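Read from first to last, the chains carry the letters A, B, C and D; within each, the first residue is number 1.
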Amino acid sequence: MKKKTMSNSIYKVAIVGATGFTGSELARILCQHPHIEIKYITSESHEGKKFSDLHPQFLGILDKTLASSQVIKDDDMDVIFLALPHGISMDFVKTLASHKAKIIDLSGDFRLKSPEVYEAWYQKQHVFPEGFKNAVYGLPELYVDNIKESRLIANPGCYPTASILSLAPLMANGLIESDSVIIDAKSGLTGAGIKASDTTHFSNVNENFKAYGIGTHRHTVEIEEQLTALGQSDAMVQFTPHLLPVDRGILVTAYTKPKGQMDQEKLEKIYRDFYADKPFVRVREKAPGIKDVRGSHYCDVFPYWDRRTQRIISIAAIDNLLKGAASQAVHNMNLMLGLEEKTGLTQIPLRP
Amino acid sequence: MKKKTMSNSIYKVAIVGATGFTGSELARILCQHPHIEIKYITSESHEGKKFSDLHPQFLGILDKTLASSQVIKDDDMDVIFLALPHGISMDFVKTLASHKAKIIDLSGDFRLKSPEVYEAWYQKQHVFPEGFKNAVYGLPELYVDNIKESRLIANPGCYPTASILSLAPLMANGLIESDSVIIDAKSGLTGAGIKASDTTHFSNVNENFKAYGIGTHRHTVEIEEQLTALGQSDAMVQFTPHLLPVDRGILVTAYTKPKGQMDQEKLEKIYRDFYADKPFVRVREKAPGIKDVRGSHYCDVFPYWDRRTQRIISIAAIDNLLKGAASQAVHNMNLMLGLEEKTGLTQIPLRP
Amino acid sequence: MKKKTMSNSIYKVAIVGATGFTGSELARILCQHPHIEIKYITSESHEGKKFSDLHPQFLGILDKTLASSQVIKDDDMDVIFLALPHGISMDFVKTLASHKAKIIDLSGDFRLKSPEVYEAWYQKQHVFPEGFKNAVYGLPELYVDNIKESRLIANPGCYPTASILSLAPLMANGLIESDSVIIDAKSGLTGAGIKASDTTHFSNVNENFKAYGIGTHRHTVEIEEQLTALGQSDAMVQFTPHLLPVDRGILVTAYTKPKGQMDQEKLEKIYRDFYADKPFVRVREKAPGIKDVRGSHYCDVFPYWDRRTQRIISIAAIDNLLKGAASQAVHNMNLMLGLEEKTGLTQIPLRP
Amino acid sequence: MKKKTMSNSIYKVAIVGATGFTGSELARILCQHPHIEIKYITSESHEGKKFSDLHPQFLGILDKTLASSQVIKDDDMDVIFLALPHGISMDFVKTLASHKAKIIDLSGDFRLKSPEVYEAWYQKQHVFPEGFKNAVYGLPELYVDNIKESRLIANPGCYPTASILSLAPLMANGLIESDSVIIDAKSGLTGAGIKASDTTHFSNVNENFKAYGIGTHRHTVEIEEQLTALGQSDAMVQFTPHLLPVDRGILVTAYTKPKGQMDQEKLEKIYRDFYADKPFVRVREKAPGIKDVRGSHYCDVFPYWDRRTQRIISIAAIDNLLKGAASQAVHNMNLMLGLEEKTGLTQIPLRP
């Protein structure tokens, strides 16, 4: 295998939005990236505090003072990460439209096909509809070439990342009935964000488990659009998220009906072929647990053929904050900057 | 409301198998039952020790000395609970066949329709095939009359209890395509039993989540048989269990396709009508969490009609050790003894 | 054993403050109490809602409409439980001073010896200093006779209950250096209350453990006052609370120096004698875990003599919401009403 | 600051003992170390399997075949890590005594001052008493120079690491009464090892908390010996470990009496001065939680002066598998090989 010549450049990046989990995870990964200098981390509500005041694990590692996001507009930046809630992020994208920096938006504001679909599912008017035509859906396993050329990445949602990767080999090969897709998904609590609420109160999560957003979760349409694009026929997805009493991790269990003959050997080959040159997707021989990927950029997938019921069950496990958010953003950054895609993404899962 | 005349009798019961979780939960409930005296608790491996040596929470409450199961054979007992592993239990049922006591078997040994089906799914020869014709499947919401007349109860499995109750109103009314049933189930760790193993090691469970027994779990056939009986047509069930990092609780998320027109109002009415006189099934207006029923005999169900996908999603939550095992056994006992069915089952869910 | 004649009376009680954990736990226990009718549950912020809307585990069990606390003032009540935050509770006690009902205050407002001490540690002016002279500290193991005669109970704090019971036999016998007391305490998260905050956010609690309130926690003075009263000499207590990633439970590990000779046998005898007629304190032969008492009114204590270091280590475990709050309040109520003290307090610990 | 010239050498290491948590954590860290090649990982019971068969998180990262430990004896190795239980490890040290490789023993076999003390506390005869005179206690914050010269490192225990670092600045400055030391310690479950047992069963750990080994834990003497050496007077330590329902992390809360005058400012200065050039000890201004250091080599310490009680409370938090075991071993290796001490130890704590 020919190795790419490693660049010695240092790129300047800004993280807009320091408070949340994706902000702190971006910082964690970028701190250890050999070609990156974190020039700014911004927070309007905590401006002037140290980053490690908000996230004490960074004490002595990243004590940088939090800036207002105003500063990045007037400075030379190579990449700007927007770690903001949806609905807020689009304002920044609009403002930064003419900035030379590449933008990686971790919110849901530019993931869908059009402002109309956005407004239907997010129930909010979009302030920058022009952005959609330039935005690239940042799932490197599917869109590596587009990502390399892009200047605006819509970083995928956590559930969609796991859901799409669990089914992509089947969809791309036209092997399943596209209206048969049922995705039963389970996420750790960090998916609900850092804000204190009844939902995130320990006593409502610990020793508990429940479904939420049944039939209405916004990630449904994101998954449908991507599966439709892959399969070149309309996908209809039943998506049910559940809340796990753990910090990190998403596991999706997807049920589909094949169009023709199937067997376990054939099924596995389809997955191995599809992910042959994708370094962060591991095709497993046993059902993975979320702890097998925790703290890493890996997505573990496991396809199973149930001969009795004639259904395919495909499972995928990711760390929702990493492959489902922060490390995926860095993966996109590597591609956009022409770096080797694995650069700075060598974290080994933390288990136990 | 006319109250049933309460009996003043005290019935003598034995719990065979003191070591496991179902044994200790049976003891906990029976200790507080107004018409029960626990005459024996048996354990071959711990004979002579106190029950509270094994389960220290019972210190000063139930310090009874553990006996060999030999003693119960020669004594007058009203009810014998078998809290034993499958494959072991059938030996006891055979031996006790001519005993006057009513028997409630918490194992899987007599739950299926025939010894042949048992042998196919449990991969073990059955030593007492004659038992099947007398055994009654002890799900009170479906078989109350048969249970009252029975002398041998096959107490349902934990997953089947939740799965069947999530779908019974639909099946009994012939409303769904019986080959469309997908049950994505999640259980707390106590479902794996008290024995120390890699599966039950804290570091493999905590902060983890994974599927197991995909396509092959024995509860699949138990669910299929019961749904088939309800619907009077062959049910084909896709059943996928997962392991939750909690002690107690099962949540099932069942996906089905209706045969004809459906809407949310109609769906709810079907559930409320079906469970109108079932005191332990609560039809909820929101998705329940497992903590809403923890420590109690309740089963909370929630049916949801997804107009977009034209699917019914039905959710059920139980405490796997109670409605899924021990309290269900006591419920059966009440019915067999002619007691009011709620006697001794008034535990309120422990939350938080 | 001669059983006390059980009263057949039904007493009317009100729970003021329905939102929090102590409110819902009081309701859970009182629902099953044979001599109690819960006449009112009040909430100013949720007036008109059902109790089970706030606490869904009570659906079908206690759906009572929440009232304003105004109603209880004009009605005949036998006992009023105040499940309110400190600082709010004293207003109610003042208002209800001439009401015929017995009052059990679960807040910290009347636990200390004087309004002056209160104001020093709670940094808040007391609105009803007259209340102190009538208030009885409601720890039944120490003050059973005073409680029976009282009309205002200051229900002890959760940490003080465990701390005092771990040391009472030593203090009451004058056996330890009263300035040598170090109490290292650990509590489940429900001790922090039901309000959503950074402190109660799942991701700050789960897989975490830390000390808080070092040297300044208000329960310090409550413990000191009670130990001083027991030992008849000034106790100086080092009290350090920590937050456990569990819902319920307090474990205290107390370190003391004996005044004279000690050995394990003597130590155990002191504890067994002291708690001989106290039905809810269990002297254990091994170190208890918090799960051994979860969901029950028990306090498990374990005294250990370390000959090498010449120190006594005494451990106590309780359920902070029960023996540390709600069931202790009901215990006090039983004594005040002349009922057998164990009435309605027969919950067996929920384990696993 | 003069930076050491970084070596470009690659050193060959072996990990003896692949099964346990320290084995897999060593592998995780050494995989990412720029100057290390993991030449062998050994396991007698799993010889021939892949490392990733035992630890699936390593799939595609470290699939190396497990060897018998025989192979390392006949090969050129630079460093051999012994990740074996105590009592087994000393056999290997004896066998490897004449091997040219440097040895880092993660067991307790050579941590104490003499074979006699070992035999008293470990109740086992030592097979290689000669080893003691060469063994260096591998706590880099105390013994950096000795470690650099050593060929046999006794890697410290997890509790002793946190305990000693919480008190070292006080002991080394002769500031405390050396018989006043009380250490109340709490550890995550991985400290109990990977073997399935009642102790490690999820349902005994989850939602539970208890003390164990009271007055008798082997780490007591290890802590005492090191504090004695630091303070040059006999230290007598009260050490009580407790089991936390988390995977990783140790928090110690240490109570001591100062010899003379103390105040908070002075106390903090003592700690900051002592750890000024120790890159992995962070003196905190607030009490740290174990999650602040999880997945990293940091030890966070927090000293608190309680003027009221005239006691010092010093808290330390570490990841028991890293600073308490594997990363400490790598830190020692760096020193022994003449590498910059931080090499390969740049992991940022994983939070949330």
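Criterion: a contact is a pair of C-beta atoms (placed from the backbone, for glycine too) under 8 Å apart; a residue touches a chain by one contact, two chains touch by 3 or more.
These figures come from a predicted structure and were not determined experimentally.
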{"item": "Intersection of the contact lists for chain B and chain D", "value": "A, C"}
{"item": "Pair sharing more residue contacts (C-beta pairs) when A-C is set against C-D", "value": "C-D"}
{"item": "Relative to chain D, chain with the most remote C-alpha centre", "value": "B"}
{"item": "Rounded Å distance, chain C centre to chain D centre (Cα mean)", "value": "40"}
{"item": "Whole-Å gap separating chain A and chain D, where each centre is the average of the chain's CA atoms", "value": "36"}
{"item": "Between chain C and chain A, distance of the C-alpha-averaged centres to the nearest whole Å", "value": "47"}
{"item": "Shared-contact residues (touching 2 or more other chains) in chain C", "value": "21, 190, 203, 206-207, 245-248, 288, 291, 294, 352"}
{"item": "Of all residues in chain C, those that touch chain A in their complex", "value": "21, 189-190, 194, 196-198, 200-203, 205-207, 245-247"}
{"item": "Touching residues (chain side chain A, partner chain D) in the complex", "value": "21, 24, 28, 31-32, 55-61, 190, 207, 247-248, 282, 284, 286, 288, 291-296, 300, 321, 346, 348-352"}
{"item": "Residues on chain C engaged by chain D in the complex (per definition of touch)", "value": "182, 184, 186, 203-204, 206-212, 214-215, 236-238, 240, 242, 244-249, 251, 253, 255, 287-291, 294, 304, 306, 308-309, 311, 313, 315, 317, 352"}
